[in-house]
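In the two assemblies presented below, subunit A is common to both, partnered first by subunit B and then by subunit C.
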Partner chain A sequence: MTRTVLDIMNLTVNLPNRTRILRDVSLSLEPGEVRALVGESGAGKSMIGKAVLGILPPKVRISEGEILLDNEHLGAMTPVTRRNTVARMSALIPQDPLTALNPLRKIGPQIVDPLRRIHGWSADKARARALELLDRVHIRAPERVMASYPHELSGGMRQRILIAAAFAPSPRLIVADEPTTALDVTVQKEILKLIRELQRETGTAVLFVTHDMGVVAKISQKVTVLFAGKVMEDAPTEQVFSGAAHPYTRALINATPSSADPSRSFTPVPAQLVADLHREIAQDDHLYMTVTS
Partner chain B sequence: MLLKTLITRLLTMIVTLFGVAVVVFTLVRVAPGNPIAMMLPPGASEEDIARLTALYGFDKSLVQQFFIWLGGVVQGDFGTSITLRQPVDQLVLSRLPATLELAAMALVIALLLGGTVAVLGARNRGTGTEVGLDLTSGAVLSIPDFLWGLIFVLIFGVLWPVLAISGRIDPRIEFDFATNFYLIEGLLRGRFDVVGSTLSHMVMPAMSLALPLAAMIAQLLKQNLKGELVQDYATIARVRGFSETTVILREALRNAALPTIALVGVQFTFLIGGTVIVERLFAYEGLGNMAIDAVINRDLPLIQGIVLLFAAIFIMINLIVDLSYTLLNPRLRHG
Partner chain C sequence: MAEASTAPRARHGSGLNLRLWLPLSWVTLLVVVAVFARWIAPHDPLAQDLLLERLPPFFMSGSEPGYWLGTDSLGRDVLSRMIYGAQIALFVSVIAASATCVFGSVLGMLAGYYGGWAERIISRLVDIWMAFPPVLFAVLLVAVMGTGLTSVIAAIALIDWTRFARVVRAETLVQTRMDYVDSARIGGARRASTLWTEILPNVLPTIIALLMLEMGIAIIVEAILSFVNLSISTDDPTWGSMIAEGRNAIHFAWWVLLFPLIALFFSVLSFSVLGEGLRQRFDPVLQ
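So, the complex of A and B:
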């Protein structure tokens, strides 16, 4: 049996009125693998990462399915064990680096404190590890940055700090929730490169949430395409770009402008296709409500 | 930067105090009641009245009187109390420590109580506990300080008499005070009977003043905490395994406290205003109690001195709030 880092089986996530945000989602991640989660806004791609990390919004519940982190059932754990397991095994790179660092605390403790908590390291050891990682993400004068407040640093620098903080405890899984969306284009490339480099060096598996098919092509080996919380396609990245099976995936690829070839035309996702998919989902919902009520 | 702010504020303070001086001086003279009539027995002769009026300078024009008084104030001479026959500045300064200790105690109680309730409410957000705490603080807020005073007297003074209901300290205690800060001096000199007696006298008026403020802090701070707890940095702290209580205390609290401080500053000035009636209720020998006596006796110089001091205290509190806001917020510190 291969040791999967993450195994999500038939995950369904509901609102209290039983509206499904995720519908029977299954996916898995091998060590060192990058899987992209793509879809439009509201397709539920971020929700998968949140379900794994145990940070679903209030009132949103996992109603069915299992999440296995390093072959351990998260659902079977007590809240405290679960919290500690998630902290030891995984980390989050957030979307907006401007709000992801506490504005009133210096950078140093924000990286060092979690390391001490997760691994029980001494202050010196945790500090050394933080400096090592800051250096790795090309932060000049890491000592000085550790003593700075977030508002003294640029957005790109803050995102690199968050990447360093995510990789510092050596997690097996990193959830990257649109980590380049809030950054300007030149910084985006650099951040993407950095995540890929660190991921390869450490063999960390990454669940990479994005709506940008261009980013998908650059970073991932596998792709999961979501529409309205449902998996439309799950395939190796190469295969998706050479000839996607699902019409929605093809539509998404066609809707992506190419920065390498700006003259290439791109077409929005056809309205007819979206309408058809919604009808399918509505029928599915009707069935679900009848069966579960 | 900070120095410039400080100088600007001090200059503004002088202008404000001048305005307060004009208003209070005019008001106490426009208001009905004659201090001279209060000082003389019924049936005093016209000459006696005229002599006394001239002695206190009340025969001069209002403008002349004002500038005579202001001239004294600038040199640190606030005049002489008509009823107590002592310099106003000495009288006022002898009472100030009692009021400062009371107000500070009330503020500490309000911050601790309000802060604890806010953290508990934020910790249990979305549950019945939060609703219960909200309802309680709403109810507490709707009862004004003097009513709390009466409620406390009824409970701890009458039904279950464990606390002293009047005065500042047990008069049987023999202690030679060097200052009028009974609580602080008692602590510093290790006289715990003095501290105990002072606290026993202080706890009810302090609680009366503190409860409405505590309720307000609880509501506002909880609201701000809830706003901070949905921020990304709080989410990240949770992913790193920190408990919700740690996330609140270490990550969210300081961020939520910043907007709360501005309000606490304003409300604290109301609390100082509240000392006037609450001190009266508990016969607590502070500035507020003296102010009421001064008004009843039409002791014009004393009223003027007390009002000026209150105005100065209000301005100082606002200044301290603004400075602490700057010190707590690194984004403003170097700006």
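So, the complex of A and C:
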């Protein structure tokens, strides 16, 4: 049995009325691997990360399937063990750095407290580690930043702080939930570079949620393409770009403008293809409702 | 590269924020007067002198030196009674508002944070509670519990906790859905401690504003209950009972009614404005 950091097997996530948000999703990450999760908005990309981290919105439930973190079944654990395992094993780089830091707490404790909780470190040790990481994400005067409130810092800086906070406890898995979407284009590149550097240095596996095929090409080794909560394609990144198996994946790639070659035309995802996929999903739903009711 | 700005931020308006300092001065004055009533008051608030009844205030003809705001129909000094009245008003407002605040806020936070059954039970309770007319409810409660300050305070807390529960629940609900709460949970924080360390500080500015508002309301309720003779004994000077007594003589000794009324008005107004001012002051995001 190969050692995987994350193994999601046949995961189905439901609303209370049995509407499926994720449909039979399977994917896995090996140590040090970056897997991109792509799809249009509403495809359930972020939901996979939330299911792994145990922060699904209220009333959204895992109805079928298994999530294994480091070959341990999360579903079989008590809530307390699960929380501790998730805290020790994984971390999140959130989408919106403006809401992901508590506005009324200083930066310092927001990085230091989890370290002390997770590893049982002393205040000094946790603080030293936080400073080390802040320095690593190129924050000048980290001491002063630790004593600041989030609103005193820019969005790009806050995202770098959140990256530092995510890597600080040395997790095996990091879920990066569209970490560059809320940022200026000028800052995006820098943030992306930072995540890739730290990922390579530490060998952390990253589940990288994005809708940007350009980012996928730069950062990931594997790609999972989602549509309406269903996996369309799961393949190595190179293969996807050289010749994707699924027409939806090809459509997504064709819909990406190229900054290297602005003259290259790009086409929106064909409406006919989307309609066909939706019809397929609807038939699937009909079957699901009949079987489970 | 961007750095943390450590320079103090300029407050809007120039230096002195009147919306904060004006009510704060009035409340400070009230506190000082209430604490040092024994030394400040020129006369015994209970001493009657029928020879000096209904003396006008100092700026009118016929006033008597030493009786700055005149006397009431029993010859008691209005200023001294107001000063001792401030003591009672302030005592009731602080104790009653704090009790109301703690009780209501705790229930509101539990309902907003945990949802489910806690939410349903507490919200229904609030709905039922708010169906009663508050003043009638207060009168009823005091009538059952007997008159006296303790009853007045208990009545205020029992009636007005819904104000805190409702608002604090809504605010907690908003904060609970923020990303930083998820981040704390991923960082291994226990559910209860997340409520305490992450959410409470963000709800606190709202609670403080409500607390100030509630202090104003408590003063009014106490005055209402004094007015209908359900607070402490009629001899003891309260603004409410002074207004009630002054009402009979309004045509020829208006000062007995007017001065406590003004004190009441400014106190309630100050607490309300102060609440909003303090909320802005304590919320670094709003600054």
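A few remarks follow.
Everything that follows uses one rule, which is that the second predicted complex is superposed on the first by the 293 of 293 C-alpha atoms of A that agree within 3 Å, B and C clash if a C-alpha of one lies under 4 Å from a C-alpha of the other, contacts with A are read in each partner's own complex, and residues count from 1 in each chain.
By definition in this document, contacts are C-beta pairs under 8 Å (C-beta built on N, C-alpha and C of every residue); 3 or more make two chains touch, one makes a residue touch a chain.
Since we're looking at a predicted model, the values are computed, not measured.
Partners subunit B and subunit C, brought together by superposition on subunit A, clash. With both structures placed on the common chain, the touch criterion links A:R3 to neither subunit B nor subunit C.
After overlaying the two complexes on the shared chain, residue contacts for A:N102 are found with subunit B and with subunit C alike.
In the superposition on chain A, A:P58 makes contact with both subunit B and subunit C. When subunit A is checked against subunit B and against subunit C, the one touching more of its residues turns out to be C. Of the two partner chains placed by the overlay, only subunit C lies in contact with A:G156; subunit B stays clear of it.
Of the two partner chains placed around the shared chain by superposition, subunit B and subunit C are both touched by A:S90. Residue contacts after overlaying the shared chain place A:V145 against subunit C, while subunit B stays out of touching range.
The clash between subunit B and subunit C in the superposition falls on 293-301, which is one of the stretches 41-49, 167-175 or 293-301.
The residues of subunit A shared by its contacts with subunit B and with subunit C are 53-55, 58, 83-84, 86-88, 90-92, 94-96, 99-105, 110, 114, 117-118, 149, 151. Contact residues on subunit B toward subunit A in their complex (touch as defined above): 126, 231-233, 235-243, 251, 254-255, 258, 328-331. Put simply, subunit A touches subunit B in their complex at residues 53-55, 58, 83-84, 86-88, 90-92, 94-96, 99-105, 110, 114, 117-118, 149, 151, 162, 169. Here subunit C touches subunit A in the complex through residues 1-6, 115, 178-180, 182-190, 197-198, 201-202, 204, 283-285, going by the rule given at the top.
Subunit A contributes residues 53-55, 58, 83-84, 86-88, 90-92, 94-96, 99-105, 110, 113-114, 117-118, 138, 140-141, 144-145, 148-149, 151-154, 156-157, 165 to its touches with subunit C in the complex.
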